[in-house]
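Both complexes below contain subunit A, partnered by subunit B and then by subunit C.
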Partner chain A sequence: MERIEAQDLGESPLHPDPLEIPALAYGAMAKSKPYPASVAHQTALGFPGELVENWQEKAVAKLGELVRNNRALRFYLDGCVRCGACTDKCHYFLGTGDPNNMPVARQNLMRRVYRRYFTFSGRIAPSLVGAEDLTREVLDEWYTYFHQCSQCRRCSVYCPFGIDTAEISMAAREIMDTIGMGQKYCNEIIGKVFKIGNNLGLPPKALKATLAGLEEEIEEDTGVPVRLPLDEAGADILLVTPSADFFASPHMEGLIGYAKVLHESGVSWTFSSHASEAANFGMFIGSRENMQKVAQRIADAARDLKVKRIVFGECGHAWRVGYNFLDTLAGPFDFLDRRYPVPQHICEFTYDLIQQGTLRLDKSKNDHIRLTFHDSCNVARASRMGDMPGGQFEIPRAILRACCNHYYDMDPDTIREATLCCGGGGGLLTDELMDLRTKGASPRMKALREVADEHGVTHMAAICAICKAQFSKVLPKFGFDMEAIVSVHQMVSNAIVLTGSKQDEEANEADEEAGSVPAVAAQAETAEPAQAANAQEEA
Partner chain B sequence: MTMQYKIGDIVAEHDEEGYLTDITVWNKDLALLIAKSENIEMTPEHWEVVDFLREYYEEYQIAPAIRILVKEMKKKFGPEKGDQKYLYQLFPYGPAKQACKIGGLPKPTGCV
Partner chain C sequence: MQTTLYAVMFYVAAAIFAGGLGLRVWQYAKTPVPLKIPTTPAPITQAGATFRVLREVVVFESLFKSNKWIWLFGWIFHIALALVLVRHLRYFTQPVWTPVALAQPLGIYAGFAMVGALFALWVRRVAISRMRYISDAFDHLILLLLLAIGATGLGMKFIAPTDIVALKGFFLGLMAFDWQPLPADPLLLSHLALVALLMVVFPFTKLLHAPGVFFSPSRNQADDARERRYAPRPLTSKA
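Coming up: the complex of A and B.
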């Protein structure tokens, strides 16, 4: 692992402010758009294969249906007072300078059309109230700029009315899908979930072989036969995780962490080949029908496997869907053990074990790492963890602090509820949008650069498959190592001392030689001052 | 929208990103042509990766996880080749995506 060298602060150039407002660059991103979905991708999801003849009429009718049924959306379109608080809050605006990436401007793409067809003043005097016909030019603008919103909701935190641009961009995508103008990346992937069971298109045979390979690897490494069971009926827990965890790095290193924690907990668990995906791209395209069908697979698998609990792995928007909508989409879950949250996050599971003192964690195993944490947008702003407000911020940090000695937060205006999107969320993690993704990542990269220079931070942890994939691609463009992004449970995996493992025996032998305190206690004592020092540094 | 690779009389359709539409038409000449469009000159080291991907795909209908690829390369060709960085040197846009394209295999999709 290449270390990010801490620079001499006296000589380093002044850090660019991660939130510095750029000069306006009109039309800078007007050419950025994702590949269109093919006829096959569209029809698999129940959408028209290509742009329908009467698209304008159908689109307006769909918008009408949405504002009638979704009072929040109607309020978001009616309620803006143009105060400007949101204008500099979008990472895509900060990274591109394109004024259409100001949240209010993005909202206005739909608001103008809404006014034209659904408000009295817009019908009789459109030019006086900024109302506009839904022309082909406007539709193309929608396709371009509603695919430059990662639905991260940072702007909504700063809006005095809480107007949520994510809801507007989801509605826009739903309208476009309805008239046959879908996006390839999302729609192809949702189709794969229906056909194969996951975003990746990983068939059960390959999944089984992958899990068996990991079992072998963990046993070689630790001497402990940690299992990664698949389709085992009667297990207590169904673990649902993004399929990227079975494929990419550093995702898979996190998966190894979940397996080790679950092993050490002693609770029986299983993956499902039917629900081998936590992600739910139905949300990104604003399609309740598709979201429901994807979520239903999890409920069906839980019933078929007769599990008592459902636990979600590290996936940002999956946790939003799971935490907020799983019950309404695919419930009731009255067949599960209601003493546990439905669903539970793997971080909650691990945190509880740490609180109970069940896990033995050797922080020194991560001493080569100086760490920071990137709050993933959907976890930070659209969900919660644990039973206290802000648990979604504290629990992952508490886990990381229990696993390493060197932890530093980034600029407070770029973390927790103010976190910046990775630049690849909301269905934009596709290669043809790499320019947008890179520019959108630049505010986060600047914030990372600050802690790298000031505290020698070498790695950044995240709990979202999209964040991990996005960062491993864009980090090198900003002078960081591609492996500087790690999974939260990768840190756990490095630190955990499995009972009866080689590492456990080594530690016990060392204790006997020293003839004194057991390793855990000794470690806890030395760790505390370091933690206090860290807390102070951050304050 | 149809896009094609052409070698002499042979025409192979591909998608917007250069992945073959019909993976059964793949052959080594086509691989060289795709590699050229990716600015990659195929060396024996590149073929080691592409051949393994195709072998794995044959068995499992998907490309292997990067970790499996790294492990397998290490086992077959030695520790200096069992390293993610080595694979990225060969295929700068990522071994999974770029080597799949050259090997005529579909692109891995999702959060990868």
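Coming up: the complex of A and C.
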């Protein structure tokens, strides 16, 4: 089958293997560092403004504190046997060949220091067990290579002990923050969340205007007054979504999708200007205090607005924090309606409606798209959707399949739990790391190239704001259209037929004209050209 | 002479091994787990999560997904080691338990398998540049130590047999605090000294992965954060 299709497309292309192991390129990425946080960025988060004088002593003390308080960190530092199983699993290693981007080598940067100060063998025989003092060079290496980890957990899947390099990167960043060596991108953004309410620094007024604009746009397209309410106390659902959804393509098209689905469901809902951000960069910098404070906003907003449920929009790490940490950090949520999961993912919400048959979806509206799906790491390996393990893989795919006729998965070794990070996660989505981001994206891009060539795939859907932003930037570097990345709910938005909408009426008319011809086929013939054009505009 | 030396040596080694290991296990157990971090998809019940850990311990599930060669050599080594240890129980039990007696012939094959697998693991470590890069001196030395233990053991079985009746007497004596003479064969003495060394380094090195694997939160936690509020005891003081 596949071979025939490839021939149909003309030539049978030679694909580079997305997981091909590169030769070691020593020091290849030694110069890649994010900008340091300024004094103001640091102090806003309660960290010292610049490198403190007794940094070595403080860093070692902090490491000790973290190890004493986190069993995962303690065991991960002790338990690695250097089996090498993880060495070829990191997309940054695959993309750069820099040996320090092998997960175990990245861990070793911290492990050596841990050994030196906290283990008997490292104290008495440092050279034998590779223990090392925390010198300025070592600290600089930490800053370099712990900012080349997107905390995607791919390595953890393949480690016989589940050693998760993300935990170690988080700890390293926390240690660096406490001695005054923070990273600008993350810390500046967390500061904005505290000051303004979201990562993009979009003030409530601007937010209100944006939502009003979107309402108009939807009404123009569909004739239906779909609402995007802000701060409406007493609504059933508080929708928390990454602020990119208010701002850029293809995020916004996804947001329109949520709004349409929520409208069709008939459940009342609202955004909150206090918690106008789902993202929680506190996780990226491994700071429990900051993560807690950011998470608390959501609990407070839910209480203030007297909602019954919390639903999260499409965001990878936000869903990890929401799904796994929110209740621990900001719970208990006894004041919510416990018949619904706390929190719920918008994909779960949409999927339930599809299962119930409440949504009318016209797949043909997406016939101009041949689609694949990028599993976002934090959803894939650090959370779940639905009642079954792996629901996080099935539910988005089920939604996409319900919304389009042409869906193809990428290489099975690069999706689901084996998914390759987009290259921009974990607080690395900043311009000065573009080189790293491009190289880190290359394995995913190769896998996309395969399905593009074999199945004529034109678009890739994602459920993570960071993934979407990253792909918009890197797709063109690999010969794809920047608009080849779409939101899952953008596909829903294209396909959904709102009750009483223009599309609804057109379809009904078409039904009548076509008489006995089945509805779906009739729609495809009559309504498609107009709709395809429509969707193209939106994209 | 060697009897006293080895008797004392084994008491010390056993004390360090058991004491050190006990201390580390206690340390792992009392260290808090602040958040839910199972690597998903994960079982949604605690029983399921326990079964997941057992699969990791018995069949090396994740390693199998990861790399078939490492899995093959690593798994053969560990299974063979387990069989060899079972075989050695005959030196510590009187009468020998039936399962131990039945496993005796298997133990011999296992001895060869163990040495072969260790050698293969070491070749990987030396031949593959990624492996060389991540290895510290001890990673090589521990393989060589295990290889030497295996080789001296096999040497006694096939080249220069020792007086195993006397040997058994020595160990039963040790356990009863009633010392019996230990044969003075060089192969035996080196074999035993290396084993004692292994016991001593165990609690201070990566060999801790053996008890530690049961404590890995990414594997032993159930994926049930929304069903059951996860509220672990508060963090210990910052001091």
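The criterion applied here is as follows: the second predicted complex is superposed on the first by the 503 of 539 C-alpha atoms of A that agree within 3 Å, B and C clash if a C-alpha of one lies under 4 Å from a C-alpha of the other, contacts with A are read in each partner's own complex, and residues count from 1 in each chain.
Note that a contact is a pair of C-beta atoms (placed from the backbone, for glycine too) under 8 Å apart; a residue touches a chain by one contact, two chains touch by 3 or more.
In this text, all values refer to a predicted model and were calculated from it rather than measured experimentally.
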Fit-or-clash call for subunit B and subunit C when the two complexes are aligned on subunit A: fit
Computed vertex angle (subunit A) for partners subunit B and subunit C, CA, steps of 10°: 140
Subunit C versus subunit B, contacts on subunit A by residue: C
First, second, both or neither for A:S243, with subunit B first and subunit C second: first
Which of subunit B and subunit C A:L200 touches, first, second, both or neither: first
First, second, both or neither for A:K192, with subunit B first and subunit C second: first
Overlay on chain A, subunit C to subunit B nearest C-alpha distance, Å: 24
Contacts on subunit A seen with subunit B and repeated with subunit C across the two complexes: none
Contacting residues of subunit A [partner subunit B, same complex]: 35, 184-185, 188-189, 192, 198-203, 205-206, 209-210, 213, 217, 242-244, 246-249, 251-253, 279, 315, 429, 431-432, 465-466, 468-469, 473, 482-483
For the subunit A and subunit C complex, residues of the former touching the latter: 21, 23-24, 65, 67-72, 74-76, 78-89, 99, 102, 104-105, 108, 119-121, 127-130, 153, 156-164, 167, 288, 323-325, 327-328, 331-332, 341-343, 380-384, 387-390, 392-393, 417
Touching residues (chain side subunit B, partner subunit A) in the complex: 16-17, 60-62, 65-68, 71, 84, 88, 93-94, 96-97, 106, 108-112
In the complex, subunit C residues that touch subunit A: 24, 27-28, 31-37, 39-44, 56, 60, 62-63, 65-67, 70, 74, 124-125, 128-131, 133-139, 141, 201, 204-206, 208-209, 212-213, 215-219, 223, 225-226, 229-232, 235-236, 238
